[in-house]
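Look for chain A in each of the two complexes below; its partner is chain B in the first and chain C in the second.
The block that comes next holds the complex of A and B.
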């Protein structure tokens, strides 16, 4: 892959060039000090050395709450048809790129979700390398999905820019004057032991049924939903419908759900497939680390560390692995 | 088509919940067309409970014989009885001191030798009658009130969130006051639906919407005590809108 060198002082012009292709979004800080993906007004808004945003980029593809159908008596149920604005999402870390690749498999697989596809096609991904901290356990460089249109790697005094897709190449075409050819070979990083362990566990299908940790998790968990809201690959949603005050029309919408909520496993008549938190944790583990359905054996965890950072009661499902005689820290 | 008939009434309350209806300025003309506000002492001059109601929205706690009589009359004339607001659903502010002696409280307000009236400890509606549906909140959210009224027109009732305020707070990417500031935020044990109205402006959740389903009360208390907040302080905060928490409850 051809890599070009972009000096630090040309980044502003580079971003201006990118914004010709859509509204520029990236990691920014809110007035309360929370690091989030949001609109970038000036280069100085961008957090080039951020660790992780609170919510991953999935919010651009599957919003927390989204109208999925409109109902009228005359037309019945119809798909909302607002066009999605083009967005250039800058600064997406490898773990979040991997999260998007997973969501793509879920929503664009055998029965594509039309609303997801519409949003996915309207977004251009510009990846950015990162420095891990004590909460993350990233995959190896070889496993980084090639789904960024452009990828920027931090190097001394600038970035190495590579175009991964034809869309990426098209964007670079107009930016050639900012780039120099480069012979620098970026450093590659080895896979974190924890990620290797998770892959092993997924392959072997281990479920740790006798671990005392399940009870401990269940006793502490507040079912606050933070772990799934902030997870790059949690995609469970609930579907609800509200009638309008005109008495005839209605909107059906979906909103993010969490497997630790009681209502997640609840069906008609109040019966529940997973009546207590212990069972819900087990279910979370099975889905997140072992996968099921067409994604059986594919761990959904990308090692971003968000669930460990945002849990108010310090629950960490990866303790299951360390407890099993393998210190992955 | 005959319009659904509504009763909207307040018991021991501040009438703020009913004010929520008046605050739906944009929708009021539509509401006036869609519904017959048959009994609504705060909104019109007819003050007798006559006829039958498609639904009654009742605000406030029950704390006097008059409250109880009004409630029973509304219940017996209404197809659907809706507890409207935190006092009606959980007891609310009026009930925060239910654990204290009524004699001592009366004396502290009215002086020695006070003769108690027939009032009793304020309680939620479902302590006395069957309640079909609730809109919680102090005050309730406009969108939940409007969703309920719209659902009545469709012959159904809405489904409201059964998760805590934290979920909405995280969805909005607010600063977590618990983790980042160590504040005694009651978001994890409080019913969502307000879209994290207070935490979104860096004010800790006071629990005005009452307990969420399966609130892990014991874990919330342990977590906040580990942050150095006393159990007494926490219980005092929690009791403000709901006096009957089970402090050992985990599910």
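The block that comes next holds the complex of A and C.
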């Protein structure tokens, strides 16, 4: 793959060029001081050395609430027809790109999801390398994630730019004058020990049924669900209908749900298949690390570290994989 | 066979008749305005839309007829079922499906077939019963054991007694307890459903059982079925879970690493017996 050098002082023009292909979004800081993916007005908005956003880019593909059907008495149920605006999502770290790759497997597999596909096709991914911190363990065993359209690697005085897809090449075509050829070979990094361990566990299907950690987690978990909200691969959704008071119109929508919530396993009549937190943790563990259905054996953790950062009571499921956790199993 | 997308437009259907079966349970006969996209297998479920209320999974209580009608036996319990119980004949609802695998009717061929229904679990098994009665010569014997809380809430009782009188079905009924006003009910065992299995002996490998009922029913029935000689492979359990999408996407209904909505809702006991929390 050819890498081009983009000097720091050309980044603004580079971004202008990208924004010809769609609305530019990237890591920015809100007025409340939260780092989020959002619209980028000027180059100075962009956080080029951010650690992680609070909410991962899954929100662009699976909005927290999304209308799936409309209802009127006259027309019955109909599909909404809202065009998806094209978005250039700039500055996506390798872990979040891996998260999107996982969601693609779920929603574009043998049963493609219409709404997801429409949004996915309308988004262009521009990846950006990052510096890991003590919370994350990147999965990226190759330096350039394959699902980025373009990928930028931080180097001294600029970036190395690679076009990964034909869409990426098309975008670079018009930006050639900003780029210089480069002989810099970026550093490659070995896979993080934790990620190797997670892959081993997923392959072996270990469930750690006797680990005392489950009870310890359950005893202090607040069931706030923050770990799931901020997870780049958590996609559980509920389907709800919001009917007008007179019942003549309604919107049916899907909305992020959360396996840590009590209602997640509840059926009509009040029976709950996961009434306590221990069982809900087990369920989360099974889905996140061992996989359900056709993705059984595929771990969904991308090592972004968000759940470890946001948990208000410092619960970290990966403790199961450390030597102490293993000894308990 | 492919189930419809979770966000597909429901097939419009009109409520043809509403037959109140008990104080809180009614049989809704629907007339679909389009054909279902695939052949219905007993034990599969459909997603019923009640406009401005929402969608719920329901296992039809009969076999969809040539004229596009289908019966749903629904207890009033939550938001959507309460709205459904407020509808009138002629009102419009919507149907998507069928979803899931259904009972393996071919595997029942030549066997002594035992249907075990508890409470509202009679609804999906009534659909299987109709199928087996239609192909009665395919199975060696057909027995329905049905338990209800009390005589007043026993569903389809007269219909089942009529079927039993034709000789093609052996029917055993039980109620958990007799209420004072119901002392004169016809012959009916008093006791939980598994008590009907006491002393029953079936030929291992040549018998099978289909079970559907409230969640606690499964745990207390399995041991009796195994003791009666039904092998693990031939015990089919229709499991209940919270199924929102029907296609293995929304992730509410996982049983171990299976999805109840698309790998089930009917599971062989052998396949799920070691899964914690499955039963």
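As a working rule, the second predicted complex is superposed on the first by the 315 of 329 C-alpha atoms of A that agree within 3 Å, B and C clash if a C-alpha of one lies under 4 Å from a C-alpha of the other, contacts with A are read in each partner's own complex, and residues count from 1 in each chain.
Assume a contact is a pair of C-beta atoms (placed from the backbone, for glycine too) under 8 Å apart; a residue touches a chain by one contact, two chains touch by 3 or more.
All figures in this text were calculated on a predicted structure; none of them were measured in a lab.
K.L.:
Put chain B and chain C onto chain A via the superposition and say whether they clash or fit.
P.N.:
Pair status: fit.
K.L.:
Answer with first, second, both or neither: which of chain B and chain C does A:265 touch in the superposed model?
P.N.:
It touches chain C, and chain B stays clear.
K.L.:
A:247 in the overlay: touching chain B, chain C, both, or neither? Say first, second, both or neither.
P.N.:
A:247 sits against chain B and chain C alike.
K.L.:
Regarding the shared-chain residue A:47, is it in contact with chain B (first), chain C (second), both, or neither?
P.N.:
neither
K.L.:
Is it chain B or chain C that touches the larger share of residues in chain A?
P.N.:
The partner making contact with more of chain A's residues is C.
K.L.:
Taking the superposition as given, does A:108 touch the first partner, chain B, the second, chain C, both, or neither?
P.N.:
After superposing on A, A:108 lies clear of both chain B and chain C.
K.L.:
Quick one: classify A:223 as touching chain B (first), chain C (second), both or neither.
P.N.:
A:223 sits against chain B, while chain C stays out of touch.
K.L.:
Tell me, in angstrom, the smallest C-alpha to C-alpha distance between chain B and chain C in the overlaid model?
P.N.:
5
K.L.:
For chain A, which residues lie in the overlap of the chain B contacts and the chain C contacts?
P.N.:
240, 243-244, 247, 250
K.L.:
Touching residues of chain A toward chain B in the complex: what are they?
P.N.:
Listed in rising order, the residues of chain A that touch chain B are 30, 32-34, 36, 54-55, 64-65, 218-226, 229-230, 240, 242-247, 250, 256, 258, 261-263, 276-277, 310, 312-313.
K.L.:
Considering only the defined contacts, which chain A positions touch chain C in the complex?
P.N.:
So the residues of chain A touching chain C come out as 68-69, 71, 73, 76-79, 106-107, 111, 113-115, 209, 235-241, 243-244, 247-250, 252, 254, 257, 259, 264-269, 271, 273-274, 279, 282-283, 286-287, 290-294, 296.
K.L.:
Which residues of chain C touch chain A once you look at their complex with the stated criterion?
P.N.:
Listed in rising order, the residues of chain C that touch chain A are 2, 5-7, 9-10, 12, 49, 51-56, 77-78, 81, 92, 94, 214-215, 240-242, 244-245, 247-252, 254, 256-259, 262-263, 276-277.
K.L.:
Which residues, counting only chain B, touch chain A once they are in their complex?
P.N.:
Answer in residue numbers: 27, 30-31, 34, 146-147, 149-151, 153-154, 156, 158-159, 162-164, 166-167, 170-171, 173-176, 178-180, 187-189, 202, 212-214, 216, 218-220, 222-223, 250-251.
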